[in-house]
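Chain nomenclature is as follows: A, B, C and D, assigned in order of appearance, with residue numbering initiated at 1 for each chain independently.
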Amino acid sequence: MVTPAEESQLLDGLDRVAERLADGAAVGAPDEDVHTLVERLLYEEVGPVAGKLHTGRSRNDQVATDLRLWTLTAIDQLDSDLAALARTLVARAQEAVDVLLPGYTHGQRAQPVRWAYVLLAHAWPLVRDRQRLADARRRVAELPLGSGALAGSGFAVDRVLLKEALGFRSISANALDATGDRDFVAEVLFALALVGTHLSRLAAELVLYTSAEFGFVRLSDDFSTGSSLLPQKRNPDVFELARAKAGRLLGDVVALVTTLKGIPAGYSKDLQEDKALLFDAFDTLALVLPAVTGAIAGMTADADRMRAALDASLRATDLADLLVQAGVPFRESHGLVGRLVREAERTSVPLDRVPAAVAAAIHPALPAAVGQLGTWEDSVEGRATPGGASRQSVEQQIEALRALS
Amino acid sequence: MVTPAEESQLLDGLDRVAERLADGAAVGAPDEDVHTLVERLLYEEVGPVAGKLHTGRSRNDQVATDLRLWTLTAIDQLDSDLAALARTLVARAQEAVDVLLPGYTHGQRAQPVRWAYVLLAHAWPLVRDRQRLADARRRVAELPLGSGALAGSGFAVDRVLLKEALGFRSISANALDATGDRDFVAEVLFALALVGTHLSRLAAELVLYTSAEFGFVRLSDDFSTGSSLLPQKRNPDVFELARAKAGRLLGDVVALVTTLKGIPAGYSKDLQEDKALLFDAFDTLALVLPAVTGAIAGMTADADRMRAALDASLRATDLADLLVQAGVPFRESHGLVGRLVREAERTSVPLDRVPAAVAAAIHPALPAAVGQLGTWEDSVEGRATPGGASRQSVEQQIEALRALS
Amino acid sequence: MVTPAEESQLLDGLDRVAERLADGAAVGAPDEDVHTLVERLLYEEVGPVAGKLHTGRSRNDQVATDLRLWTLTAIDQLDSDLAALARTLVARAQEAVDVLLPGYTHGQRAQPVRWAYVLLAHAWPLVRDRQRLADARRRVAELPLGSGALAGSGFAVDRVLLKEALGFRSISANALDATGDRDFVAEVLFALALVGTHLSRLAAELVLYTSAEFGFVRLSDDFSTGSSLLPQKRNPDVFELARAKAGRLLGDVVALVTTLKGIPAGYSKDLQEDKALLFDAFDTLALVLPAVTGAIAGMTADADRMRAALDASLRATDLADLLVQAGVPFRESHGLVGRLVREAERTSVPLDRVPAAVAAAIHPALPAAVGQLGTWEDSVEGRATPGGASRQSVEQQIEALRALS
Amino acid sequence: MVTPAEESQLLDGLDRVAERLADGAAVGAPDEDVHTLVERLLYEEVGPVAGKLHTGRSRNDQVATDLRLWTLTAIDQLDSDLAALARTLVARAQEAVDVLLPGYTHGQRAQPVRWAYVLLAHAWPLVRDRQRLADARRRVAELPLGSGALAGSGFAVDRVLLKEALGFRSISANALDATGDRDFVAEVLFALALVGTHLSRLAAELVLYTSAEFGFVRLSDDFSTGSSLLPQKRNPDVFELARAKAGRLLGDVVALVTTLKGIPAGYSKDLQEDKALLFDAFDTLALVLPAVTGAIAGMTADADRMRAALDASLRATDLADLLVQAGVPFRESHGLVGRLVREAERTSVPLDRVPAAVAAAIHPALPAAVGQLGTWEDSVEGRATPGGASRQSVEQQIEALRALS
């Protein structure tokens, strides 16, 4: 239906259209969508043969194809931003293997860990994010083109050829499904919302650590807001915004899934909502991720403040473990150390300075156990299982993360 | 720390505890959680050595491990329910390859398709659901056990051995992350919400088709609610509930992601919310999926009503395609057929019965094109691209889906 | 701190700044926010005294005040758009009091009603929406100005005077709460989401009624999309989009509430998210509401198609009610009519044409009851309780709604 | 249709049914819903006349009425729980008017405030919550009974009498709307979600204040979880759970609104989802609110730790205000104090101990301003606008809140 002569007319015309678009021909254009815009410009260039451009296509399969193409590129860019943040966390961890601070559960000091280890705890979720995006990407890369309006095309469109030419992995299996399916948008939006949740957890923790009370982290001037009045004050704006954006990204998921709820298979105009939501989510992370990466690259850890926060009560677990190793059952050892802790508190003495006689009165094995308590470094190294806070585990994690980003 | 003698004491004791639990020992138990319940019962069986059971564990890594184990099983059950629904849709499609009806876009009749094709359009999303669950499953199958409270265990727990013994794929990489991570719950909840969205779309379409106005589908007595007053009335309760549950499943996602927002890494009590939400979502689908499967297995398609809904205006696309094949540019062909359609409407004549002279006055190629219009079957077969509504495409889809479920 | 001379300098300067802003001085301005922009321009006009403008204010109380002012105006505009839609529904109802059609439950024909009555069923939710907005408005109209950054102002700001001058109802009670509170945004966003839900229900019903199968409603050319190919086809784009936007509006609520979750009292940068969400929601309805209003004003009801959809089975309730009036208990009457319905269906006779002998065999009172069945109009009038579909009730509703909009 | 004799038969029978239900007759009953259960039991008591019980009713108007009745009671209970929490906050504030601590913005120390003032900042949102519930309550109290299935009742039901008897405020205006409307559920769920958000903010702040780093608040044993190992450790479980539940409550809103999206007016089975969500939300708060109230009643404020957190940099605003009172423009004063702050930091001297000569070199008015700086109490009292942290403002707030709860 298109002769070779018409083909080269069309191709030449499209080149000229591309130039005109590059020169701004789309600005303020009156056309209903990009497809009719291109066809109108093409008509101006090559005349009636432009009317053959749309042969074998429907707007329904085209918009689905366009959005999938856009999403593939957007995922790749996001993946790269995520890798950059992970690399930065790893780089900061590398410098901080020797820096010890309390690890927290329930917002309370629990056991000593390495600052590197805390930073890495926020890098691993990004690895999962990238896996999830890679999984989603496979489902994005299904070509709907050639589906027609809902039932296939009346022309012998070579869908496999198109798939190859456009860089898709497979062709869609059912045209009614393919034109009305926006699962790929929902799935990607969800993956982005989970990225947002991870950033909110990282950011909230860093907001905490920049407070005067913790004082573990100091932000660089470039990534905080001071004031003329309080030039030394550094508001953690970047982290507050990163914490906040989790809401917006979740809102985008809800918006799309609710839109999809209860509409029939096949194309409905409702689906047009997909783009604004997808663009909003990617734009949000394109803004937030580099800002967070920059802020983390520029922040300073205060190793002294961190070390100062290690108080003797953090040795309780070590002591109980030592009792267990001396043959005391686990549960019983906890009760015994608990009594020692209470005694230490009552007499305002650090846990490792309770007189041996007092300790022995609680349990004969206690004084020896107290004697075996080493340095904070020893305490951290004492938890040596893979994935723990020990030096070896942290170094293996750094290596593994480097290989992944 | 556990001697061989103690080991066999503990194992025997645990067997007896298992029996007591099977006999209902958990009902009304005063214990804080299942771990302390088991330990208390074990103590009653074997005495103080029970205190060694918890050695090398923390409640933080245990609850994460328990929930992952539960989720693995729940995913497998759900996968099986999804496969059953897909098989039922395919079986019903197999019977309905010859049944033609209008395909709809924007809620309006658009082109003729096969009933089989419409049913299959709702089977393919379930394939994606199962892929998504399989992808998520890999991330669920990471073992947190041996992470201790937050920093690793002080005992030489063999995490690789535990991983093998418990059927996990890998061990978690960072204990602070592993004890505070609930990504796997969020991801699975989202996958379930998308299942719910698919069911809502399928159900909404079937509610429509059971209306007197459409009359395409009649429900069986077992899966509809009549009344003593209107025994012939069949309320599509199953489909209405399936349509509704998409909301609840989305609500569960929102609940979890909002709970995770802004909490620090590591264990916080907030995470305890995960279980109620996950149980609720799986329970919801365990109820809805078999009901929908049953209702679809039992419903009757009214091929006559479907066929009667094919009106001549559905031939417009065919006619335009025929003009294109006769050399008329695509855009122009649409305008020409549009004029014929208007003429047919004005004179209250079906599109394919407009007098040849009238058609020729619009465009000389039109009468021949009208003459080439074949049967409805021809029209469906005319859209022969892979994935379309043609017989071959539908049969290939049936085969492909059979291989997958 | 500001002398009378300075005061007039500042006031004159602000007038000139207002002129410059009207001339576009804000476009591309480098300032951080509108407050620093105004102060910079003022400085250019009046010199150093401009530095006194900010006296007694903090950005924290200013942004909260600005957003409340904006919201008050936006609510009033939305209220006016809602009233316009309600008036249009009422006007269309006024024309359609005599037009009868089936009322539906579960998507199934249930009892005859008036078209006016159906339209009014969609007007009443808008009355609730306007009430909700009026309730929310009272809470929006609390003035935060004078709260300072978090603890009140160090200057003797007259908050009551400001309240009067700016048109607020009251002054906020606690400055820490007032600067960190965004309840008013959440509440307004929710009210808008509920408007969106109402529009989605109205729109979904009209999409249904425009289908060929129902054929109750025909859209005007201005508010539907045809195609060159199918000029008679009218895609209900406006209603599809209205149906879809419920998702986006709900997403905005979720985004804000999730953002607020777990942040401390007082100002945090997180709160900056409020504006984009609020603007998005109001913009969405400012687009959708007039479009829906226009589409409803322009659509045509097909009274013949509606009437044709009234089939005899819709008389079953009437018949059962007549038996009850003849002394048969309610439950029993249902069973008896059910047998008659089945008999009618078995013999393919309309319910009111079953031979008297056959009816009498079911229950002696049945033939008389069948004889008492009047016209469809009688049937509708038979349900005469206030708020029902009877003429009097519909006319009272029209009057009541007119008084409200 | 019901004779006086039948009436007393029915009333007596219903009394006996009530007794049987009180004795557990509902447990394991096979009936479809409570209405058919009651009718079956009534039949067992009084025979066929039981069949008249349902006269003039439809299940559609009954379920809506039942749920509204339930909601009215539930709102009243919740209002009482909210008032109890507010009273507790006020009582704790009353004791703490003299206790000073830093007020925070952006998670950073900003200006000195009273502990009472911070507690009151969390009481005012509860006042708004109760207002919102009161507003919603008016819309809940619209009686749908007498609406029939969708079009009114065929019997002369006296709706105004029923309204009075059941304690409603008005009767619903349109039966199709009334049977399909669940706005009241959505609105109440949203009000509860906002309560949840407020609790999450209060709880998150208290989790922070219980950390070792802040140390402002110590929980009582009854409302925290220790361990046998760390008896002095107090995990703020109640506050962590309160923080978490905001997610669940928001999820319930999303679930309902998504369920309502796009379904037609009138009753659909979809609406059945309303109850589980509403019960879940009220149950959640019925659990959390008293726990939070108890935890706040039992916690101890550490006035010394709070006071110790007031560092000299918090005087910067006071100093700038004093300069302004000395005639320096606001903006300029900030820059000058900023230089003094930097100088203080450079020389490691508190802001109010910088030598007069150094201060005078920055601005001649500075030494006098520094000299005017009084106590922390003076600083707090210096911000004397209504709603601020001053003693008078706090006392007025306490009085106003007492009058409200």
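In this text, contacts are C-beta pairs under 8 Å (C-beta built on N, C-alpha and C of every residue); 3 or more make two chains touch, one makes a residue touch a chain.
In this text, all values refer to a predicted model and were calculated from it rather than measured experimentally.
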Contact-graph distance - origin subunit B, target subunit D: 1
With centres defined as the mean of Cα atoms, the chain at greatest distance from subunit D is chain B
Decide which interface, A-C or B-C, involves more C-beta pairs in contact, and give its chain pair. B-C
Cα centroid separation, subunit C vs subunit D, in Å, comes to 26
What's the distance between the Cα centroids of subunit B and subunit C, rounded to whole Å? 32
Express in whole angstrom the distance between the two chain centres, defined as the mean CA positions of subunit A and subunit C. 37
Using the touch definition from the top, which residues of subunit A touch two or more other chains? 104-107, 204, 208, 235-237, 240, 243, 246-247, 250, 253-254, 257-258, 260-263, 268-269, 317, 331
Please give the residue numbers of subunit C that touch subunit A in the complex, ascending. 204, 235-237, 240-241, 243-248, 250-263, 268-273, 276-277
In the complex with subunit C, residue positions of subunit B that touch it: 104-109, 207-208, 210-214, 227-237, 240, 254, 257-258, 261-263, 309, 311, 313, 316-317, 320, 331, 334-335, 337-338, 341-342, 345
Under the definition above, what is the set of subunit D residues touching subunit C in their complex? 1, 39, 48-55, 60, 103-107, 110-113, 117-118, 120-122, 124-125, 128, 131-132, 135, 139, 146-157, 159-160, 171-181, 183, 186-187, 190, 193-194, 197, 200-205, 208, 243, 246-247, 250, 253-254, 257-258, 260-269, 317-318, 321, 324-325, 327, 329-332, 380, 382-390, 393, 397, 400
